[in-house]
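As written, the chain order gives the labels A, B, C and D, with residue 1 at the start of each chain.
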Amino acid sequence: MMDLIEARKVAEQRDHSMKDKLMSMDEAVRKYVKNGDTVALSSANYNRLAMAAVREMIRQNIRDLTIAKTLCSFDVELLLAAGLVKKVISSWTSIGVVWGVSRIFRMRVESGEVEFEEWSNLGINLRFKAAAMGVPFLPTFAMLGSDLPKVNKAMTITCPYTGLKLIAVPALFPDVAIIHVQRADKYGNAIIDGPVFADPDIARAAKHVIITAEEIVDTNEIRREADKTCIPFFLVDAVVCAPFGSHPYDCFGYYDIDYEHVDDYVNAVKEGKLEAAQEYLQEYVYGVKDHFEYLQKIPLERVLAKVHRAKAIRYGWE
Amino acid sequence: MMDLIEARKVAEQRDHSMKDKLMSMDEAVRKYVKNGDTVALSSANYNRLAMAAVREMIRQNIRDLTIAKTLCSFDVELLLAAGLVKKVISSWTSIGVVWGVSRIFRMRVESGEVEFEEWSNLGINLRFKAAAMGVPFLPTFAMLGSDLPKVNKAMTITCPYTGLKLIAVPALFPDVAIIHVQRADKYGNAIIDGPVFADPDIARAAKHVIITAEEIVDTNEIRREADKTCIPFFLVDAVVCAPFGSHPYDCFGYYDIDYEHVDDYVNAVKEGKLEAAQEYLQEYVYGVKDHFEYLQKIPLERVLAKVHRAKAIRYGWE
Amino acid sequence: MTELRYTGAEIAAVVAARSVEDNKVVFTGTGLPLMAMALAQRLYAPNLVIVFEGGQVQPILSGKYTPFSPNDIRAGYKAVMLASTTDVLCLMQRGHVDYGFISGAQIDQYGNVNTSFIGDYRKPKVRLPGSGGANDIASLASKVIIITRHEKRRFVEKVDFITSPGNVDEKGREYHGLIFGKPLLIITGLAVMDYHPELKRVRLKALHPGVTLEQVLDNMGFKPIIPDKIEVTKPPTEEELRILREMDPEGRWVEHPK
Amino acid sequence: MTELRYTGAEIAAVVAARSVEDNKVVFTGTGLPLMAMALAQRLYAPNLVIVFEGGQVQPILSGKYTPFSPNDIRAGYKAVMLASTTDVLCLMQRGHVDYGFISGAQIDQYGNVNTSFIGDYRKPKVRLPGSGGANDIASLASKVIIITRHEKRRFVEKVDFITSPGNVDEKGREYHGLIFGKPLLIITGLAVMDYHPELKRVRLKALHPGVTLEQVLDNMGFKPIIPDKIEVTKPPTEEELRILREMDPEGRWVEHPK
């Protein structure tokens, strides 16, 4: 539990300079994600999932992972299907609200293969925020009176001023955070359009950070919108260009969800269980060399419609 | 110290609806700032001072104020000169770095008339953040080993996970926050360009909020940049149109500091002490009817040069 | 007057729409409660404010962009603010969320909800999706409304696991440190329930038109407190049903009559 | 070789510029330390990163827009990030600030700094501006450098009030809960000091060229630890002085020779 001291030591030893960190997904994952790591993933159920990075992690067969994410989604679904996860720290795991509970998730957890350490949504968000702020805990009234502290071992604390009882959530320092954003420069300065979820905090909480971006932009674009930068370069180890990196999920301003793609997967798994999921992995992950080969498999016409729709939502077209 | 419960009660009783709150500065200050109030002011030393509102508070002679602000500046200087302050809760008080310690501030505090409750910069920022988050305290390693807790009565706390000692800073719930922003709509949705300092937090911490804005914009402009909204309408009680509302200080993207104006004041006070400050108040505050009459006293040519300079800084012109 | 046909989901949505005061903030997920709040905005509470856990404040609920999830990009359509999740959850902790909606796999006699698991934690019989924002809503919103199907297996004497607290137990919320907020209503397709102020237990409040007490009790695993006077829900009006069905023509979120 | 003329402020800035490692983050105010860091970027540490307490990350230090304060709009000229104050101060708490600069009205033998008040808290003899970010830097940055004028009234046995802790007392920082960071150097116009690792007290490290030990001690209210071997500062080079003066032609931030 002295993770704080360890995490601070890693920060102190960083090369904090503004150097070029552009690399391929293959290289970024190989360098910064290891067997047994605690990996934080961006997004909350929908929008800006680090799907391209997750598919690369599966291709590289990185094992015994602990996944830390506020609300898990198709990213964790595929990692669970691939059998790479030993523990999930989260408030919720499904594929997406419309598709109900994931069969793969149930199977893995009900068999005891995977531990699901559950927090409330605010609870897991504050675990990242505590780490981001460099303190060992943060207080909240959430989870009082519930049974969550019995399983996640959250401790209570008394406010020294008011005597009020609160839950102290412990800081969570992931080994690596993988965050999909709309725009980043080659140094790792990252701009998120739309909801940020807990992503600025997970970047600050983690010991290492991989940014995957829809577009790599010139640093002058960052400087012109510097008040939208939510992750500064000195936290970042690797920057990867990953257009449609959240596919088949959505990305604010860039594309809406590829509903049909996910629906096909869910229906296949309903029938064929784990075997169907593995067939999906064979086709879309193991069977392709990289993210760009994956994209070749997506019908362009469908993609264009999703792009149009995302712009309509972003700009409030009627 | 059960401010939290009181502040939450005020929030629960609010009319949270999106209704038109545009009003004159006179009305806003009259309605929402009372004798004896704890008033939080936007900005930190420079940039987006709520000067127009402060001048109106002085005109209305609102007394026995406790001012809560991360770094006090010309705003608090004038309130101190006018003799309206009984206590300052802050980490630092001066006019601006270049002008050194304020003579008026020294006079008021050294005579015992005004209490200065001092925190570190992070300390006072976290007091607002605790209140913004709805918790009675937040932990930090700042201020340990210093004498600040001896005077500000900050208490220590032990982390239940690590056994580490931390300072718990108590939540600060101001009666009213007055925040100068670049853009707001008539409902109070506010966008800040450039550094936000603690302003999103003071809006959430306070029981009532007055927004003063350089420009009142259509809500459609807010909707198009909704990820830049940092204060949602339902926290806001009054919206006031106050162009050049931070004058003689700067406003990111809108105008640079009117250095000569402040310099003249500081030099006059160096000579004439409190009397000189009161002459300044007579000319620029008591002697004018409102903010727009005040603006008539500022040489337009000088103003235009400051506007140009702010744009050069904002857009990175060489 | 011809009798209107409607489903349990529809009357639940209608009752929910009638249950919220105007000028208040509602924190809701998608699906039925969102449709109910859209109905409320149209008929009873035009100045109701919607906030989603994805950080979206006051989006426009357009049929064209009906969100699948409080976190998808549609949920932010024309919102006036897109904040962080922690920000909106803390605004709730601060007291700015007047109504919160949750549902639940299991609900017990103190209004506690289980959406975590049934059986043993490390090897559960059924693993459910988990709290998500439900625990936060139940802990921090000023008034909490549960909307759920009225099924025997859902209403259990004691939940296997308290994911989201109602009154917790006979000692009540405050004893456990929950000094804010309170469970307000449970709305189902058959009835409306509230809570006995002293006993802290679920109490029947109203039966929907045509529903009998026996029907309600037969479909519950515990017996709610029966008050001296049981109300009867005012039936859905033609207008209420028309708007609900217009907003959701396929009955995807609020089931239509067959 | 002709002897170069320079002020105490200039040699202090030069020593500060030489004291920081490249590829590190520096948290600084405006004035002398900022000029020193700009000099470092030009000559010794091209990849040094500047962060201001106003939330500005890596602004371009253009002579045209030299900031008056870490919080004015100039301080954000061409920055790559404009964050909140709490955000950058917490990045420091998290370990991402390698060097922090502070100055002080009073400094004592344990390197503690007073910028709060002299005399009594409620009716002080002299009220100073207060901590600002100084306490945070002293508590949270990995290495802290004090730059100050070398005056007897500044270097006191014991400060009236510890605004910003150095080693606190003979027990050292850890005893008081400050498990991170350490005071690194005190740089003045006459000398450079560091700290005795066991005794925790200020120790003379180097005399600037032409300065005698007596001169240093005469201008201090306490006697620093004198090591066996006192270094002599390498004098400022022509290039160092030229760049410093080019950046600050009026000598506003770093005084020029008369």
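Here are a few things to note about the model shown:
Going forward, a residue touches a chain if its C-beta (ideal position, glycine included) is under 8 Å from a C-beta of that chain, and two chains touch if they have at least 3 such contacts.
These figures come from a predicted structure and were not determined experimentally.
Summarising the inter-chain layout, the chain whose CA centre lies farthest from the centre of subunit B is C.
When the C-beta contacts at B-C and at B-D are tallied, the pair with the greater total is B-D.
Here the spacing of subunit A and subunit D, counted between their Cα centres, is 40 Å.
Chain centres here are Cα means. That of subunit C falls 58 Å from that of subunit D.
Spacing of subunit B relative to subunit D, judged by their CA centroids, is 29 angstrom. Among the residues of subunit A, those touching two or more other chains are numbered 134-135, 140-141, 156, 164, 166, 194-196, 223, 227, 316.
Contact of a single residue of subunit C with at least two other chains is seen at positions 56, 76, 78, 82-83, 90, 93, 140, 179-180. Contact annotation for chain pairs lists A-B, A-C, A-D, B-C, B-D, with touch applied as defined.
Those residues of subunit A lying in contact with subunit B across their complex are 1-2, 4, 134-141, 155-157, 159-162, 164, 166, 168, 170, 192-196, 220, 223-224, 227-228, 315-316. Residue ranges on subunit C touching subunit B, taken from their complex, read 22-25, 47-49, 56-58, 76, 78-83, 90-96, 98, 140, 142, 179-180. By the touch rule above, subunit A contacts subunit C in their complex via residues 43-47, 70-71, 90-94, 96-98, 101, 105-106, 109-112, 115-116, 118-123, 125-126, 129, 140-148, 151, 156, 164-166, 194-198, 200-201, 250-253, 256-257, 310, 312-314, 316. Across the complex, subunit A is touched by residues 29-31, 53-56, 60, 65, 68-74, 76-78, 82-86, 89-90, 93, 116-117, 121-136, 138-140, 161-165, 168, 173, 176-180 of subunit C. Interface residues of subunit B facing subunit C in the complex, by the touch rule stated above, are 5, 7-12, 14-19, 131-135, 185, 187, 189, 204, 219, 222-223, 226-227, 229, 232-235.
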